[in-house]
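Below, chain A partners chain B and then partners chain C, in two separate complexes.
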Partner chain A sequence: MVLGLLIAVGEMLSPGTYVNSQFTWLHLAGSPGTFPNGVSLVVGTLVDPLSALLLLVVTVVGFLVMLYSIGYMHQDRGLPRYYAELSLFLAAMTGLVLSNNLLEFFLFWELVGVCSYFLIGFYYEKPSAASAAKEAFLVTRIGDVLFLLGIFIYFYHFSTVGPSGGWAANGFVFANGTAPYLPVVSGSGSTLLTVAGLMILGGAAGKSAQFPLHVWLPDAMEGPTTVSALIHAATMVAAGVYLLAITSVFIGFTSTDQLAIVAIGGFTAFFAATMAVVHPDIKRVIAYSTISQLGYMVLAVGAGFAMVGLYHLFTHAFFKALLFLAAGSVIHAIGTQDLFKMGGLRKSMRVTSAAFLIGGLALAGIPPFAGFWSKDDILGAVYSQLGSHPLYWPFFLLAFAAVFLTAYYIFRAWFLAFSGDHTRDPTLPHAHEGPWVMQVPLVILSAFAVVAGLFIFLPNFQALLLNGAGATGIPPVYGPTDLALSGISVGLGVAGIGLAYWLWGNGRVYALPEDSPLQSVRKVLLHRYYFKVAYDWVGLRLVYGISRGADFVDRYVIDGTVRGLERVFGSVSNGLRRAQTGAVSDYAGYVIAGLLGVFVLLLIVAPYLLSKMGGG
Partner chain B sequence: MTGLPVADLLVLSGALLAVGIFGLLTRRNFILILIAVEVAMNATILNFVYFAAFAPTAAGLSGQAIAVVLIGFAATEVAVGLAIVLALNRIKGTINVAQATELRE
Partner chain C sequence: MDASSFIGPFVPELLLLGAALLIFLLDVLGIRRNETLSTVAVAGTTLALLSVLGDLGFAPLSVFATLPANVIDAAPSTTGLYAFTSLGLIFQGIFLLSALLVSLASASRPSGEKGAPIFYGLLLLATVGMLLVAVATDLIFLLLAIEVTSIATYLLVAYHRREARSLEAAMKFFIIGALSTVLSFYGASLLFGAYGTTNLVAIGHATGAVGYPVLVLLGYGFLVAGLAFKVTLVPFHAWAVDVYDGAPSDVSAFLAGVTKKIGLFAYFLVFLGPVLYLRTVGGSSPFAGGPIDLGGTLTITLAVLAVVTMTVGNLLALLQKEMKRMLAYSSISQAGYMLIGVTIGTAPAITGATMQIFAHVLMKGGAFLVVAGVGALGVGPLIDDWKGLGTRRPLLGAAFALMLLSLAGVPLTVGFVSKFVLFSAAVQAQGYYIWLAVAGLLNSALSVFYYARVLKVMFFDTAPAPSTPPVTDALPAGGLGYGRAIAIGFIAVTIVAVGVYPQPILGAIQSAAQHFVVVGA
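Then we have the complex of A and B:
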């Protein structure tokens, strides 16, 4: 943690510092046709502006969550397991951030995935937790396979026809330590590169829970809240965005890829926000909000502003971890996640309430809180690129609409949980703040949620972002470049908060009339657009059907062959068993019979065959 | 080279081998089996010595050398065999090989 901070601070003090050290792990000699230089798989670390930013997030949030866990998990008998898995996760995440080539990146990527699986299934006695863990693992695996295919394509491409320098000799290493980076692909690259870009997008979508692989993240809330805060909000899910960012900076996307990324990001930002609007579970509301915010980051990367996306990742990590930890504090105090049972917690939990409020303001994009700067930056960045493709428009508007929804749903949660006079469910225990180890991280993260956005005004932080942005020809956008745009987005945010207050403020509970046409919309939203049902159906019918077929083949064709052979050999050897009498003279007889057989072969059969062959 | 004709020698050594193998297969007494093996082996040694006489000096010498080595082998073999006989007798109280069938499956 201290080391990470030092590196990040050092990077900020002298931007543009690159440290790249590596060694060859495995060298395969090449063949002249395909890989003339052979294939070197290297392991190395690369510290540059991109990784420094992430390193700061991972270590600071990781440390605070670990501190908070002391209070949150203190009664849990799985505590050693919890800390072991959390530490493994942090190590893997640090490794991922510091990797200097895609293959190494992929290894750590898988490692954080498996840690996520362990930690979602931390309460493995609960069937819902176990199945959520499995779901998360399988869904992200789809993305992982696509990602790996993408790596293969890049590798093939760059080790055969790539430009000279670091690339040609080794398709895996994505940096040779010089700045600014020059993406080697841009505009309308070849079809192969477009496909590779789409594969990378698939991998990122799996890890960052983007549509249509978003289903796992809300279910991942079965894990401890601290895990949700660290892994499923601040760090691991951001790895997908980070992957897109490094790919766009080091390799580059074709314009088709960019459009696809913008589409996925913009749509997800809106789509996930709608689901958060109706959900009664405090953690899941925040989870949908995470998906939505990740959508913003993906949108930014797609529009060509990788560093703007990472800037939002940076601020988001703090305020989203804050929201989760505050929610965890509530859950710790009263033992329920149902918003409709809470209420009036503002009085008994002042620190938590204030922390959640700050997180909510940051999320809603109200200045001067962190979310405002980065979200506005993204909207401004996409706005500046609207001319490059007509299809950017609808996704820009969707992202804009999501601003309103975001403000509404997070304040709906805040009003439901904290405003009013008393809890709605009188059976709940009396709420009280957690121990100091839980309050301190909340306070620190609150401070970050307020000021992290202002970092952009530090010249060195700007330089940090600029350096990583590379020579794409598009400078990163800073702050409210377009005042009208900011005005509209803040207006939407305030309107969302106002609507939330009107419907849910002061302990009010808004009940949608039974005959309202919105009821059916609500139902669809509550069922998450029936995606889970559809996936289950596909899983059950299609995959199970295929598996049944495969099982049949396995059982009767493959196993049948093996069993048949086994039966033949079995009966033969049963016959031969009788020859084992144990009597020495019998064995001597066999030896002599064998010897005679050899003589017969050598002296009679062989000359006969030889004469035949010679004669024929 | 005078004396025994080749055909007579082959008949002699063939007979020795046959006697040896016959004894090996039919005897049940371990010591008699060892003796039968010795007889069969001596057929081989006889062949080596006899045909060595026809060969040029160097090769002939090596034929005789092999015969001497084989005699040494026979001695070691008997030593090992007799050790087994003693052990067998101690365990089973008999040296009848028909009763030593512990290695049966």
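Then we have the complex of A and C:
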């Protein structure tokens, strides 16, 4: 981990360098016709601006979460398991970030997935945790299959028609020191590449919980809060965005792909934010917020600004981990996640309260906190691309509207938990701050949440982003270039906070009138648009129907065939076995028979077949 | 021709011969300690192996090189008896490695056996014959070299003179072997009759230039059948199971591991090496580019043999209840995979077949060594007798499990790499060859069943208390013996090491195969 940090810092100091070292794991020589350049499966590491940025996040947040865990998890059983799985996760995540080709990337991708599965199900004795782990695993698996198909298509495409120079046929391997960017291949094969890009998008959507594969992330909150902070906010879920970013930088998307990515990202940003508005569970509110923020990142990458997306990923990792750890601190203190039972915690938990407030401000995009800079960059970047396709407009507007919702829901959570005089549920234990190992990470992350956005004004950091993005050929937009845009977004953020204060501030609890037409909306939102129900229904009906049919086929068709085959095989191999008489004269007979067989093949069968095949 | 230029190329063979003679001398002097003899054999094979590796150009070992560099992969003459190709040297290395491991493992044989010197002597002499096969370019030279090996192995099988099973196996081996030799020589005489030469290169050129009358087809047919005995192709395989089963397990390791490979290399030489000439001439058959083409007929014949062999071998392995017979049938089916390489005959295919042979030496040789060790521990011959062995002897169980997984072609083992290379060569060759890959894959899937069954028995079944006596309690701690343990450990480590990072070995084989194809033309 320290090593990873050093690499990241080293990359900071000399931005734009590419270190690519690899060894060939297995090389198949090419032959004319197929794979003219041969096929290499390589294992290697690649340090470039993109991976350095993510490496910094993984190591810093990973370290702080480990520290925090000492305090947060101290009462839990199974600590060795916890730390082992967390360490394995960090190792896999570092490997993922440093991979230099898609196949290797995919291996680590699966590894972080399985760690996530373990850690969500850490409290495996709880049925809800166990089923959440399974759900996360299965839903992301859909994305993984798509991703793998995408890799196959790229592999096929680039090993047959791709440029022979830098490509080793199977991923974003490129010659040392040369510009990595490969332009989108237009004309022949571009349909294929579009499909591949959509497959990659599917994989990213699974990992980064984008619509419609978002259902697993809120349920993943069954795991320990530390895990939520590290894996389900800062690092693993960001891997999907990272995948999109590296694909756009090293391979390139077609314009159809870009539209699809923009649509998914923009819609998810808004869609997830609406669900966060009504949810009573503090962790799930933050989880929906994560989905929504990941949507912003996807949006940015789709619009062609990979580095802007990663910049938001970078700032988001800090303030979202901060929010989760602060929420964890609350849960640690009073043992509930229900916002409506909390209240007045500001007095007893000053550090946590301040940390959550800073995280909230950063999330809401209030300057000068971190979220403002990166989120504003995204909006500005997408705005600059609005001309490229008319369909960008609705998703841009959705993302803009989500700014208001974001500010509202996160401050609703803050007011509910921390403002007021006392807890609403008197049975809760008296709140107190956690030990220093829990407070220190909060303070450090708060500092990051304040200043991470300002990093952009460090020349080295800026150069890092510029170099990474320069590769895409589109200069990114930095800072409030479009002051009006920033003004509107900040205004929306402030309005959201204001609304939250008006409804929930000072211990108020706003109850929607029973006869309000909004009740039905609220109900839909609380049920998460009935997505899970629908999935369950479809899953149940479909799977049940299929299994019915399969059962029938199994019973009558397959079993019958198997029994038949068994009989055939049995008699065949019995015959064969009986041939193994042990009598040497029989064996000699086989040899002679074999000889005659060879002659028949050579002299009669083969010439006949050849004449049929049209050669000879 | 001065003496050194004659001796020089044959240093490995002479080293083995010297070691064999030394062993017989020790026998006469009354020194018959098993460990001593084993040490001599190990030393001889090690030196020979170092020499071969030096010739292959492995930098740190170049001091051991005995061949002038310009001899290796030189343009083949149409008159000589032998030539040194890097592919042949790689095969020599594989043969020597196997002989080395068997000698090492045999250090753990019960001391004081009467025939111990004969065992080691014959082992080394058989290896000499194998080394000669790897450098042959003349049909008669090749067949004689095979005979040198065969005669030594007949005796090895009969090594337990008083055991009826061994004797019977040796007898069968000998009779079928003699029959096959006759077929091979008859085929050779037909070719000689057609072209007036026994040099393989010359024959290949003549086949291309003069054409191939029925006489030649018959000649090649006889050679296919005669050599198929060594390769254990179905239906020339029937002896193999009885022999592997009846012979001492160490000897089975040697037979199943290597001696059948000389048959395959003979296939390379007879059907590929000289013949690639035809490819350059170009054929209009759909198999142009295959092995000695004969208008594609030979390719089809070999393809049929390959598919039949792997399928029948696998089906029979499924039914076996005895461990050694199961391994024997699995060995037969593996020969079918290797034949794919000969059938296709491109450089990638030869690479794949060679890799498969290398892998098989480790996997199957290792498996038989484990069987020998387990037998020495007093476990019965049935697969069911192995119940619970994996938990009682975890290290041995793990090594055996590795070998089986590698045989089944599980990734990160050498068996996966070899199958991957071989089958992708078939896919690369395109056309009808893809069906060979399909057949190979289906068979691999089939074979997983019986390997997995053994794993299940070893690790998940517990031995029923009354029928078999508890295994471990009766066993001394070091019951396996150091030599055998080292050999098995080495094999297990190599299986994983090459599986994880195959490129060094794979690269060497690739360039050798490339040379082999070019030299042939």
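Simple rule for what comes next: the second predicted complex is superposed on the first by the 523 of 616 C-alpha atoms of A that agree within 3 Å, B and C clash if a C-alpha of one lies under 4 Å from a C-alpha of the other, contacts with A are read in each partner's own complex, and residues count from 1 in each chain.
As a convention for this text, contacts are C-beta pairs under 8 Å (C-beta built on N, C-alpha and C of every residue); 3 or more make two chains touch, one makes a residue touch a chain.
Please read all numbers here as calculations on a predicted model, not as lab measurements.
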### Message
Output check: A:P607 vs chain B and chain C. Expected answer is one of first, second, both, neither. What do you get?
### Response
second
### Query
Touching A:V557, do we find chain B (first), chain C (second), both, or neither?
neither
### Message
Looking at A:A447, would you say it contacts chain B, chain C, both, or neither? Reply first, second, both or neither.
### Response
neither
### Query
Thinking of the overlay built on chain A, is A:F599 touched by chain B (first), by chain C (second), by both, or by neither?
second
#### Entry: Of chain C and chain B, partner touching more chain A residues
C
### Message
Contacts for A:V584 in the overlay, against chain B (first) and chain C (second): which applies, first, second, both or neither?
### Response
both
### Query
Common interface residues of chain A with chain B and chain C?
577, 580, 582, 584, 588
### Summary
The chain C residues in contact with chain A across the complex are 171-172, 175-176, 179-180, 183, 214, 217-218, 220-222, 224-225, 228-229, 233-236, 238-239, 241-242, 284-288, 294-301, 304-305, 312, 315-316, 318-319, 346-348, 351, 417, 420-421, 424-425, 427-430, 432, 501-503, 506-507, 510, 514
### Message
So in the complex, the part of chain B that touches chain A is made up of which residues?
### Response
21, 24-28, 33, 97-98, 100-105
#### Entry: Parts of chain A lying in touch with chain C, wherever the complex brings them together
23-29, 31, 33-35, 39, 569, 572-573, 576-577, 579-580, 582, 584, 586-588, 590-591, 593-595, 597-599, 601-603, 605-607, 609-610, 613-616
### Summary
As the complex stands, chain A meets chain B at residues 577, 580-585, 588-589, 592
